[in-house]
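In the two complexes below, subunit A is the common chain; its partner is subunit B in one and subunit C in the other.
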Partner chain A sequence: LSRIGDELYLEPTDSGLSLRSVNSSRSAFASFLFAPLFFQLYQLGEPQPFRCKVLMKSFLGVFRSLPSLEKTVGKCLILLKPSANRLVLQLHCKYGVTKTHNLAFQECELLQAVFDTQRCASSFCAPARVLAEAVVHFPQTLAEVTLGAGPEGKISLRNYVEDEMEPKKTMVTELWLAEDEFQRVAVTPGSSITFCLKEFRGLLTFAEASNLPLTIHYDVPGRPVVFTLDGAVLEVHLVLATLLDPKSDLQCPMANGSVSHLPLPSDDLTDDLESYMVAMETEEEPGVPPSPTFPLHTPEPAQSDPEEEEEEKEGAVPGTPPHKKFFCSLFFGSVLTPGGPSLAPTQEVLAEDSDNDC
Partner chain B sequence: MSFSTQLPASGEPYVLVASLDNARHLSSLLRAVHFQDHATCFATSNGIRVTVEDAKCMQAHAFIQAEIFQEFTLQEKSVTFRINLSVLIDCLTIFGTGSLPGTSTALRMCYRDYGYPLMLFLEEGGVVTVCKINTQEPEELLDFDFCSTKVINKIILQSEGLREAFAELDMTSEVLQITMSPDKPYFRLSTFGNAGSAHLDYPKDSDLMEAFHCNKTQTNRYKISLLKPCTKALALSSKVSIRTDDRGFLSLQYMIRNEDGQICFVECYCCPDEDITEAGM
Partner chain C sequence: MRFRAKIVDLACLNHFSRVVNTIAKLARSCTLRLTASKLYFILSDKVANGGVSMWCELCQGNFFDEFQMEGVATEHNEIYLELVPENLSRALKTAQSAKTVKMKLTNKHCPCLRVAVELPSLSSSSRIVTHDIPVGVIPRRLWNDFREPSVPDFDVSIYLPVLKTMKSVVERMKNLSNSIVIEANLNGEMNLKIETDLVSVTTHFKDLGNPPWASEDGRPSSAPDRDLESMAEARVDIRKLQQLLAGQQVNPTKALCNIVSKRIVHFILLHEDVSLQYFIPALA
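Right after this comes the complex of A and B.
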């Protein structure tokens, strides 16, 4: 999660402890849901629902040295104390030593990316190892990678090259994975999406270690790609914005956001209003993607060159999609369905899974 | 500070001669107190004591007993000089710091007299290096006046338990708070940093505790920047004794076993952050 954002959002719910993060441009979102069974003891108190965020750095500081943690720590107690405004992490270590960390937290609004895996046209499932071994071939500095579906269920991975780069100076690496490497493939032939590699790598590292099957759901370019790890006591989602195809119709489909599907927030959820307003703002400019870096000469959608010149000046930083003007921000649903702790309507899809788990 | 201007007269005996088969016995110990460029060396028939001070609030000593040396002769009752510790350590490790089994640097250290440079003769694998390090007028050292009789709380811990804790101390905290008490939490190290507070508790019945003698609950704060350098000594040591007196002064004694199994000590004194009174000079 630290590869994604600087803040860690925590939300204890009936279905488990949810840890989430989002990047600054809101084009990458990840959530880890640890079911109550994952814990030796899982107790919810008052008030519910309770959401807070802590600085990622502070939280990670508690778990600084993984190898020694494994050797010395017996159990970890996590307490959320709203009255004291403290998140208490207590590590019970060897020799009776106790390490107690009292982290300051901030109460916050719900962080939830709106996405619907059911509406994704393509999906496939693979052991994380297969994909991890594949991305090893790409340089560490590579920002984006293009995933494509070829004939006979083959999947390709290719480094994304901006068109304005000189063909002579760029090296293109492409690799194909055969259908038999996957556990399940249901893709639209010829489909392809481009997304940021940095966050994906982070997920792969975790996936390999956790041994959970990795499922990738994607649709058309511009709509988010969703990576899912589904385990008995853990559910992980990584949602990344994908690059809009510059050659296609530039009207932002808003599909990333599914704004139209979102019910209005109840009046009393004022803390959610801010997030909702962000979404509303993007609606004001129909046809223009919400990405703040989108150039203003939209009247020439067919010509990719002048717009890409602008992009040159942006100085793309690997792993930060907003500098790529075609990335749409993921819309973040801020609404609570009344009576439920969390989650936006599109969580319906996921709720099915967690019902099976609990 | 004055530098040597006299030329050594030939035939005169050295006031101090010390020889070591393995210079690492000295260099690793000096490294443990190397957080200032300069140190004061004090030699008596008991051995050599190297002292480093910081901010008039912290003082560290490295003791190398005479028995550790293969040869140790002192012509006078005591000899004191100030020397550049960084240079001394660099010279002692002139053949490199890698510790290959079987190879070691032999050292012969000679100090002629007041005002003369310290001579180091180092030999490894037949190659000899001679170093001459200028010595300086010793500065007056603080007397922390730490008396064993005034010790209120004392614990002896196996260093293994503290090493990781010290290395991971939240450096955004300005102070390290040490609580020692006959009741819970017995022994607690606390920091108050940007992320929040962190407490490290060691129960008195922990396997790490070799001795636990706490009479009164004491909580004292020390500047973390002064204590952090002690981590080096902690890393080398097998045991550490932590004592506080009635003024809240802290004494840390590290027992260090060298490659040959001999025991040396490094001692650190630190005065508490609040009410810093000038230690008697």
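Right after this comes the complex of A and C.
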């Protein structure tokens, strides 16, 4: 999650503890849902529903050295104290040592990308190892990769060369995976999508370690690609925006067919349009907590907020996605808490990720 | 103009990768010359390179299982390509467990050297990764720019100390100064010196030995009555020297340098099947 965003969103629900993150340009989102069974003890408190976010760095700092943690820590207690605005992480270690970390949190709105894997035309399932081995052939600095479906169920991965880069001077690497390397393939022949490699690599590392099968759902260019890991006590989703084919219709197709209020890019495609504005939809039923995995928002006219648009443009980090490209931003649902601010201010991220793998 | 080659042996592949890695560390862009029996990586001494030049020669038979080339014309059966060796290095980097590596010159949208790596996989068919490395074809009228440099009329020729030691010495000196003086004599002694306003450091190497060079008439080619103790020296850019030493991944069978006082230092590094010559001009 730290490869995606600087803030960790936490939400304890009946179905488990949900950890999420989104990147500053709203083009990458991930959620990890740990079922109650994952924990030795899982107890929801008041008030419900409760959502907060903490700084990723602070949270990671508690779990800094994994090998030494495994040797010394017996139990870890996670406690949310809404009254004190503190998230307490207590590590019970060997020799009677207890380390307590109090992290300040901020209450926040629901962070949920709108996506529907059922509506994705293509999907395939593979052991993470196969994709990890494929991705290793691309340089660490490569920003985007194009995934394509070829004849006979073969899947290809190719490095994406921007139009601005001189195509005659850039090395192109392409890898083909045969159908029998996958557990299941149901793709539209000739389809292809381009997405950012950095977050995908992060997920692959996790997937390999967790040994869960990885499923990839995608649709047409511009619609997000969804990576899922499904386990008994853990459900993971990574949603990445995909590159809109500039030669095709410039309008970004909206989920569920609602009217687009997104600004159309000007004719000059090298305009500094970092990303499309996120359409903030308002949820009318605060009483029903949306499922963390498949929210089906009824179409509402999107309300574009010009101020936030500006902030998005400035806040976009060159790492994901790169300059002078336009990705379809994911659509996020927001829950209007009565009396709360209408939009949690998007924090301007002017500094790049310190973990600069890209 | 055609070129196809194949490597099946892992040891050969590793060896070839190491050579390419070394070249990639020495030159951002260089010339690859292909003949029926040899491959050459050439860097000619242009101002852009800081005046350094490089000549690396490999016998294709020692690396490739198959090697077929057709030059531009029958009486000029050679191919000269301009390429970025870092690309080739990257293509070979993840091929360490490959079943085969094939190289082919293609011209789909533009001339490319296509490197196809066949990797083992658990499925019925192997995994194939292709890397299309863009190359520039150098026309025959420019081939003269890439002739083999002749061994200069040197003042002193001496075997180099263990490269690892030399590298660590030069690396530390690099932090203190931009230029380094290489001096040596015919008594097997070599000094590496740096001098700044604040500090001067000299590292002395002894008992290195001087290679015997035979000239055309059988007599040693350097001046016969040259004083054995007299040092020939040249001040060179320390970064160029460090680049050469840092790029070496395997210990050469023979490593020596020829110094033309105040003019140029000529390094020769010989492995069993690869020879590398590197020229660093003296600073004004």
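The criterion applied here is as follows: the second predicted complex is superposed on the first by the 268 of 358 C-alpha atoms of A that agree within 3 Å, B and C clash if a C-alpha of one lies under 4 Å from a C-alpha of the other, contacts with A are read in each partner's own complex, and residues count from 1 in each chain.
As a convention for this text, a residue touches a chain if its C-beta (ideal position, glycine included) is under 8 Å from a C-beta of that chain, and two chains touch if they have at least 3 such contacts.
Quick caveat, the model's predicted, so the values are computed rather than measured.
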| item | value |
| --- | --- |
| Touched partner set for A:Asn211, first subunit B, second subunit C, both or neither | neither |
| Subunit B versus subunit C as contact partner of A:Gln118, first or second or both or neither | neither |
| Partner chain(s) touched by A:Ser24 [first = subunit B, second = subunit C, both, neither] | neither |
| Partner chain(s) touched by A:Lys169 [first = subunit B, second = subunit C, both, neither] | second |
| Which superposed partner A:Gln106 touches (first subunit B, second subunit C, both, neither) | neither |
| Partner chain(s) touched by A:Gln183 [first = subunit B, second = subunit C, both, neither] | neither |
| Contacts of A:Val97 with subunit B and subunit C, given as first, second, both or neither | first |
| Subunit B versus subunit C as contact partner of A:Arg64, first or second or both or neither | first |
| Of all residues in subunit A, those that touch subunit C in their complex | 133-134, 136-137, 139, 167-181 |
| Subunit A partner contacts - residues on subunit B that touch it in the complex | 161, 164-165, 168, 170, 194-203, 205-208 |
| Interface residues, subunit A side, partner subunit B - complex | 55, 57-58, 61-62, 64-65, 68, 72, 86-87, 95-104 |
| Residues of subunit C defined as touching subunit A within the complex | 84, 87, 90-91, 94, 109-110, 121-125, 127-134 |
